[in-house]
Structure formats: C-alpha cells, structure tokens
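Shared between the two complexes below is chain A, which pairs with chain B and chain C, respectively.
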Partner chain A sequence: MSLFGDALSWITDGAHWGGPTGIDHRIVQHLLVTFAAVALAALLALPLGVLIGHTGRGRLVVVALAGAVRAVPTLGLLTLLGLALGIGIEAPLLALVALAFPSLLAGAYAGVEAADRGAVDAARAVGMSEWQLVTRVEIPLGADVILGGIRAATLQVVATATLAAYISDTGLGRYLFSGLKSRQYDEMLAGALLVAGLALVLDLALATLQRASRPTTGKVPS
Partner chain B sequence: MGIEFRDVGKTYPDGTVAVTGFSCTVPSHRTLALVGTSGSGKTTLMRMVNRMVEPTTGTVLIDERDVQGLDKVELRRSIGYVPQAGGLLPHRRVVDNVATVPVLTGTPKRAAREAALALLELVGLDPALGRRYPTQLSGGQQQRVAVARALAAEPNILLMDEPFGAVDPIVRRGLQDQLLQLQAELGKTIVLVTHDVDEAFRLGDEVVILRTGGIVAQTGTPKEIMAAPADAFVRDFIGSDRAERSLRTVEVDGLSLVVDGDGRPVGVLE
Partner chain C sequence: MTRPSRFGQLRSTQIGLALVTVASLALTACGGDSDPLSSGDGDNGGGGTIVIGSQDYYSNEIIAEAYAQALEAADIEVQRDFKIGQREAYLPEIESGSINLFPEYTGPLLQVWEPDTEARLADDVYADLVTAAEDKGLQVLDQSPATDQDSYVVTRAFAEKWGLETIDDLAKVTDPMVFGANSEAENRPNGPKGLKDTYGVEVSFTPIEDGGGPLTVKALEDDDIQLAIIYTGDPSIKKNDLVTLEDTKGLFLASHVVPLASEDLSDEAAGVINKVSAAMSPEDLVDLDARSVDEQLPAATIAKDWLEKEGLL
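Coming up: the complex of A and B.
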C-alpha cells in the first residue's frame, strides 16, 4: 500500500480516536491554541492598527516594527522562548502571537485607512465624534480588509501551531514529531494531512464570514 | 448677529500661508459667496466656521460668540454642511444618510427617518429613493441628498463647499435654482465656496473675491462688483472683457434684442 493510503487508514483507525492522545482531542487542542494565539495578538494588534489607520500617525514606525517581527523565524523564536520559559504551552503560544501580529496589524490599519476619505471628512464635518467616526464609518467600511488580516493570521497560525508539539504535548504536531522520531511515516503524514485539512476548513469559514461582512452599498462588487 | 470673521489668518506648520488678515461679516439670513481660484484659501475660511480648520490668528464668531469656546462636535451638529461631491456614507441607505445628525443627537430612528423622507421631497427628490444606497443615485441626486442631510438638524447656518462643482452644467443650473428657492423659504445664513464666478453672482447676496493666499481682492454685492471691478485682477477674474459680459441692444422688427460682444443674441429687452 502507498504511504498516502497508509496515512488515511491511520486516520480512520478507530484506535487512534478518543482518549487524551486521540485525534479528536488533538484537533480540539490545536484549535484552542490557534484561537488563543490569534485572539491574544488581536487584542493588541487590532486596536493599534485602527488607531494608526484613523490618525495616520506612527505608521512608519509600527509598519517597520511589524515587518521586523515578520522576519523572525518562528522556530528560532520558539527555541529561544522555550529556553527562557521551559517546557509547556507558554513559549509556543507567545511565538504564535508574534506570528499573528503583523498580519492583524496590517489588515486593521489598511482597512481603516481605505475608508472613503470624502465620506469620513464629511461625517466629521456634520458632527460625528472621533469614536463615532471609527465605529460607525471606518470599521464598517474597512471590515472586509480587517477580516482579511484575521484570515491570513489564522491560516499562518493554524499551520504553524504544529510547532507547539516541539516543546509541549499539544496539538496535531505531536503526530509529526513522534512519527518522525519512531519512523512511523504513516502517522507523520496523517498529522500533516490533518493540519492541512483543518487549515482548509478554517479558511473556508473565514472567507464566508469575510464575504458576509462586506458593507452593503448597492454596488455590484467588481 | 450672523457670522463674523475677525482678522483671521491660517499658516500651516509647513509654512504655507492659506489666509492672512481676513475680516468679513455675514448678516443672518444672507448668503456669502467666497470665490477664488484654487489656493485662494476659500475652503479654509469656510471650514473655520465649524472648526474643521482652526485659525492661527484672529477669531470667528457666530452670533457674537467665539467658536473657539464652543464644543467642536456640538458646533458641527448645529451647522449644516454640504461637501464637495456628496460625501455621503456609502454603507448607509439614503434615508439614513439624511437622518445622520438627528440620530446622533438622540432623535428616535423612526421619527428621524420620517423627517428625512419629507426632506428628500423638499429638495426635489422622490422619497422612494430613500431606500437606495448613495452609489445608486446620479451625481446631481447625491448632491440633493447632501443638501437634505445638511438641513436635517434645522441649522441656522449652512456651509457649502463647491456643492455643485462635480455635476454637469444643466444639472448645476437646476440645483442652483433649487437652492435659491429653498433659501427664499428657509432664510438660512449661508457661506458658499465656489470657483465659478457666475455661481457666486447667482447665489451670493455678498461676494468676496479672493487672491492666492486668502487676500481679499474685492468685497461687494454682485452688482457693485460688476459695475466697478476694483482692479485688473477682478476685471480679469469676473471676465469683464469677455464678449458675454458686454451686452448691447439692436432693433429687429420693432423689438429690442440684447446681443453680446460678438453680436450673438441672448434675449429680448422688455
């Protein structure tokens, strides 16, 4: 049988489901790590991005910083953090937060910045406060791009969350690392397939959400 | 009463001088037209009234009160604003665009919408258009919506920034007629910015012609300016020497025809 077939039968083998090392459990772990990392990064990146997009200030500094963060290799950062924080989920979580940050930030400021300047100026001139401008004009008009950033960040994180298993017993990455070590290539490939499948499902869900968030303007999207 | 510009100036941080030492009073219920080429500071002056621009020197007063002492947001809500090219919110229906300010100031949505539909009718639009989004309207219709939005909070003052600049001449003429008719009914205090001297003469009770840097070339009623242009700049700006400005009459079949400098007929003398 081919390796691919072996991997599929590994996944469908009932013995690999259920329990603390089962596929279902690891999928849930993997998703939790992904959501936690994206949510933690979003907590800081989205307000910061909206602020930059709204005021047009600090753009150069923050964009340069985000670019620098983007250039940091996640595995290297993970090793470094692991040495500092020890075995456990903290180090991989932090590394994934750093990974998600630039995409979220870029999406937030680009979305807010792209809101029709004429409409924003007029809204300010008729008496919207800065807060109302942000929440009622800029974010609704930029929601599509902001969600695009969240989508990109989630996709990167869900794939890279595999590395969490490097220094903790968490997520689908476990199958890759243990399969590699014990030369169980069916298990390894099964892990990779599961991660890829999860990424596809998440991306599809977020793409649907992104489409739904596009503001209704009566214009046929070009 | 009305609006008073008292020796105002605006110099931007990069050193660009937009306006210097401008003084002018707009009496209540009258229309002031600020006219000039681009870079003459006319929009800057108008935006000082609702504090979209803060003067670096001098003061702007509304009914004797310095606008600097008023809350920006409150002030802007109390003044109607018609921007260049609509400036409507693309993600909101026309009726909700018109109701923007009343909703911000706490009018219940339903009441604000009903009032908005009545305003659409007032500016000559079919209230059925209220359900549409701004992009589904023509440029002229969008400008009418912008005027309706400006009137929604029942302001005493209207600021209009080249409100009819982005539409074709025939539509522009219709919008100007509509504004004159509205003004005869409502009697707002209007500051209108335009680069079109004919529009300024048509809509303004008082006209200020500005040179580059916000320096006043001449202030007066349209008649005064037409009859006695202050200098060569004003003569040139209002086109005193253009053929369509030098009219004379000729007798044809017992009628007095008015013809322009090129001899083309423009009308019949009554």
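Coming up: the complex of A and C.
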C-alpha cells in the first residue's frame, strides 16, 4: 500500500514535471509514438481489410499471415529491427506497427463483411457503383467493428510503446526501465500507473467514438 | 467420467511427488559426495593437499583450473572443489580453512569485508585488501594484471581519430558525445555525472537496455553513440575491435584477479601461483573467456593450453 502511495507522490512531485525528462514531455512522446504506430499500420491495414471484406478474395492468405504476425514477440522483433536499423525510434515504431496491424486488419474486413447483405444488395440494385457501395454502405455499416479494431490496436500499442525506451530516449517506458534495475520501485510503479491511465483515457475516448458511429435505428445511413 | 479422470490426476500427482522425492534424494547424495566440508579436515595448505575452489562462473573456473594444473606440475597435491556458487556460499569455507585457494577479484572482495571502502584504483584496493585478509586470518597472493570489471569502450576508429587511450583523453574530443547504456547507468556514480565530476568530460545519454550486448555494439559502429560500458572480460570487445579506455582516476572499482589463500599456504605453492598470476595479462583472460564462450571447451583444456603457451607446465 505504501508503495502505491510512494508512486503517487512520485507522480505529483513537481520536480518530475517539465523539461525534457519530465512526465508531461514523456506523455506527449508516448502518445506521439502510439498515434504514429497506429496511423502507419492503419494506412496499410484498413484499405487491405476493406478490400478483402468487400471482395472476399485473399482472405485466407492475409488472415493467416496476420495471425502469424500476432505470434511474433514484439521485444524479439524490436531487437532484430534494432540490429538492422540501429538505435533510435525507427525500430520500436516498426515493431509497434507490426503489433497494431493484425487487429486493424481483422476489424476492417470483419466490419465490411458484417454489413447487412440486404442493404448491400439493395444498394447494388439502385445502381450504386462498387466504390459507392464500399464508401456509402459497407464502411458506414461496419464502422462500429472497424473502430473496434482501431480501439484494440491502440490499447495494445499504448501499453507496448513502453518498449520504445529499450533503445531510444522516448516515452513513459523510460521510468520503467530506469526504475527496474536501480530498484526505484516508486518510479517504476509511477511509470506503470501513467501508462495504465493513458490507456484508459484513450480507450474511453475511442469507445465514445465507437458508440457515436452506430447508426441510430430508423435512420437510413446517407 | 469424472471418477477415472480424478484417479488419473491423483496418480500423476503421486508420481510427481515420488519423482521430486527421488530427485531431492539424489541431489542430497551428490551434495554429500562433493561437500567441501567433508574433505576439509587435516592440515591442508601446510604440506598436504591444497583444496582449490572456484565460483560457478566459467572465467573463474578456468583460472582455478590453471592454479590446479600449475601446482600439480610442481608435484603439489591438489583437490578441486569447483563451481561452488557465489561469494556468500564459499567465503565462509575459505575462512574456516576448508578451502585453501580461490581465485578472487580485488575490488568486489574488498567491498565484502569493507563495504564503506573508498579505494577505487588497483593498487589502493590491493593494499587495503592485504590488510583486510590478514584480519580474517587469510592472505592474498600477488594480484594479476588480468582484470574483469566494467570499462568505458569506444570504437577503434573513434579512438584513433582523437588519440584516445584513457578516459582523461576524452576531454580532447570537441564533438558532442553520446553515451549509451542501460538506463540505470544514467544516475550511477560512474555514469555521465561521474565522467563530469571526475574527468570533466561532458556526454549526453541514451538508453540501450541490452547491457552492452549486440545492440550497444551496433550503436557504437553506427556512430549513434560514441561511448559505452562493456565488461573488460567480454570477448565482444576484441571481436568488434573496440578500445577500452584506461580508468586512470578510478571511476570504476578496480577488479584484478587475485588468489585468496589460507595463511599457512606453503611458500613453494605461493611461488607457483604468483607466476601464474604474473603471466596472465588482461588480453589473455579475454582470450580464455572467448575460448569458453565460442568453442565451448572445458576449463581444464583451456587452462592447459594457456599454461603450455606460457611455459608454465
């Protein structure tokens, strides 16, 4: 219990705020890494997922590959990438992109696939092009599930972004690593609490967005 | 359906218990056989058998094996009680006289007996250690030039560019330097703060959490960092052509190989061991370690080859 108290007073200690190693700066770094990783992964995974969901083609191969990527331990991948790219933020960022990819892909194709077939057929019957079908029917109807994928990916990445500090001076992971070996457990727990808090805030925000994306009953999605 | 499976579980638990019992019995038996205490009576060290111990650390075992073979070559009877474990386990055995000879390291050993010691440089540490050992009714023989301690390393190219041999020389470097190490090094007395206070050298810090492993070496080679901490005994220093900077002002605790011995160890035996210590250079120790790591050879073979090369057999 006292360790928790120590960690909380570590966080509230003004000396740990401000400057390049301050908590505020570390939080910003941590968020930037998280957003960058999810955004980069989304750039690839979302279009690919929508394509698979819409056409039904290549599903088996891509899903199996994405599943395999899930099994890759992020720290191992980070070390491999680090040996190839050197230290800095590039290797951790790529490792986090690989971490986010499967969840985003799964959300995208599952969302598009799950769009009500009746609605899709009706849209096709009124003469919508394939592009219109995807953008005006399938994506809006699947938005809930697609956002669910983004939410899951973000949660994984924000927690794992602590690994960025493994080979770069970045993010909240710095408190974990430096506290661990020097037995400054208040600093370490403080870092963990900050990451957990950040994860909760992000998840709540995305959950709200997800709820808002659900089409209200009786209203035709435009 | 539930009954048979329950019986199955029970049976496997019983088998497990039986296995554990057998295993612990076997372990106890082994312990009994190699118990250093049981072989420790009599007047060892004086004229009889010299009992040599070693840590459970490959490098230490090679040194102990070198002592043993050198003594055997001088027709002195020895008994090997190797791989005893950490200092807490074997130090009492040496103090009680059950073990007569043990390869130790000056700084860390002194810190066990004198936790508040401020000695850092090799000769100061050794001088204090001689007194401390006497107080315990023991003796340390001559310290070897071979060391096994933390050290600052740079790449060969960087060392040549600025003419670096000691940490002091880093003051000549006019480019900004980045020091890369595990994050706890940032606040340790031998980290950036120590460099500034002791040597007046300013460096910035970046964390690389692999303890001087391959990522650290890669960062040095990429010139992402210029300075790293790697163990002097680590074969990767030689393999990657890194340069160890001499610590002239004692930022790191000196840790030379030193034989810790019973007070009544014969002068003849001491003479043999002192020759072994004197012959072992820091580079030799790195090579010996490398043969163990890279070629997976047993300590006895590595020690024998080295002794022959030095003309000590």
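Please note the rule applied: the second predicted complex is superposed on the first by the 217 of 222 C-alpha atoms of A that agree within 3 Å, B and C clash if a C-alpha of one lies under 4 Å from a C-alpha of the other, contacts with A are read in each partner's own complex, and residues count from 1 in each chain.
Criterion: a residue touches a chain if its C-beta (ideal position, glycine included) is under 8 Å from a C-beta of that chain, and two chains touch if they have at least 3 such contacts.
Note that the structure is predicted; figures quoted are calculated from it, not measured.
Overlaying the two complexes via chain A leaves chain B and chain C side by side, clear of any clash.
In the superposed model, A:79 lies in contact with chain C only, and not with chain B. Of the two partner chains placed by superposition, A:56 touches none, neither chain B nor chain C. Once the two complexes are laid over each other on the shared chain, residue contacts for A:140 go to chain B alone; chain C is not touched. With both structures placed on the common chain, the touch criterion links A:197 to neither chain B nor chain C. Our angle of interest has its tip at the CA centre of chain A and reaches the CA centres of chain B and chain C; in the overlay it is 150°, to the nearest 10. Of the two partner chains, chain B is the only one touched by A:116; chain C is not. Touch criterion not met for A:47: it reaches neither chain B nor chain C.
When both complexes are overlaid on chain A, the residue A:125 reaches chain B alone and has no touch with chain C.
Superposed on chain A, the gap between chain B and chain C at their nearest CA atoms measures out to 47 angstrom in whole units. Put simply, chain A uses no single residue to touch chain B in one complex and chain C in the other. Against chain A, the residues of chain B that register as touching in their complex are 47, 50, 52, 73-78, 81, 83-91, 100-101, 104, 132-136, 146, 149-150, 159. By the touch criterion stated above, chain A contacts chain B in their complex at residues 116, 118-119, 121-129, 132, 137, 140-141, 215-219. Across the interface of their complex, chain C is touched by residues 79, 82-83, 86-88, 165-169, 174, 177-178, 180-182 of chain A.
Those residues of chain C that touch chain A in the shared complex are 180, 182-184, 186-188, 205-210, 214-215, 218-219, 222, 224-225.
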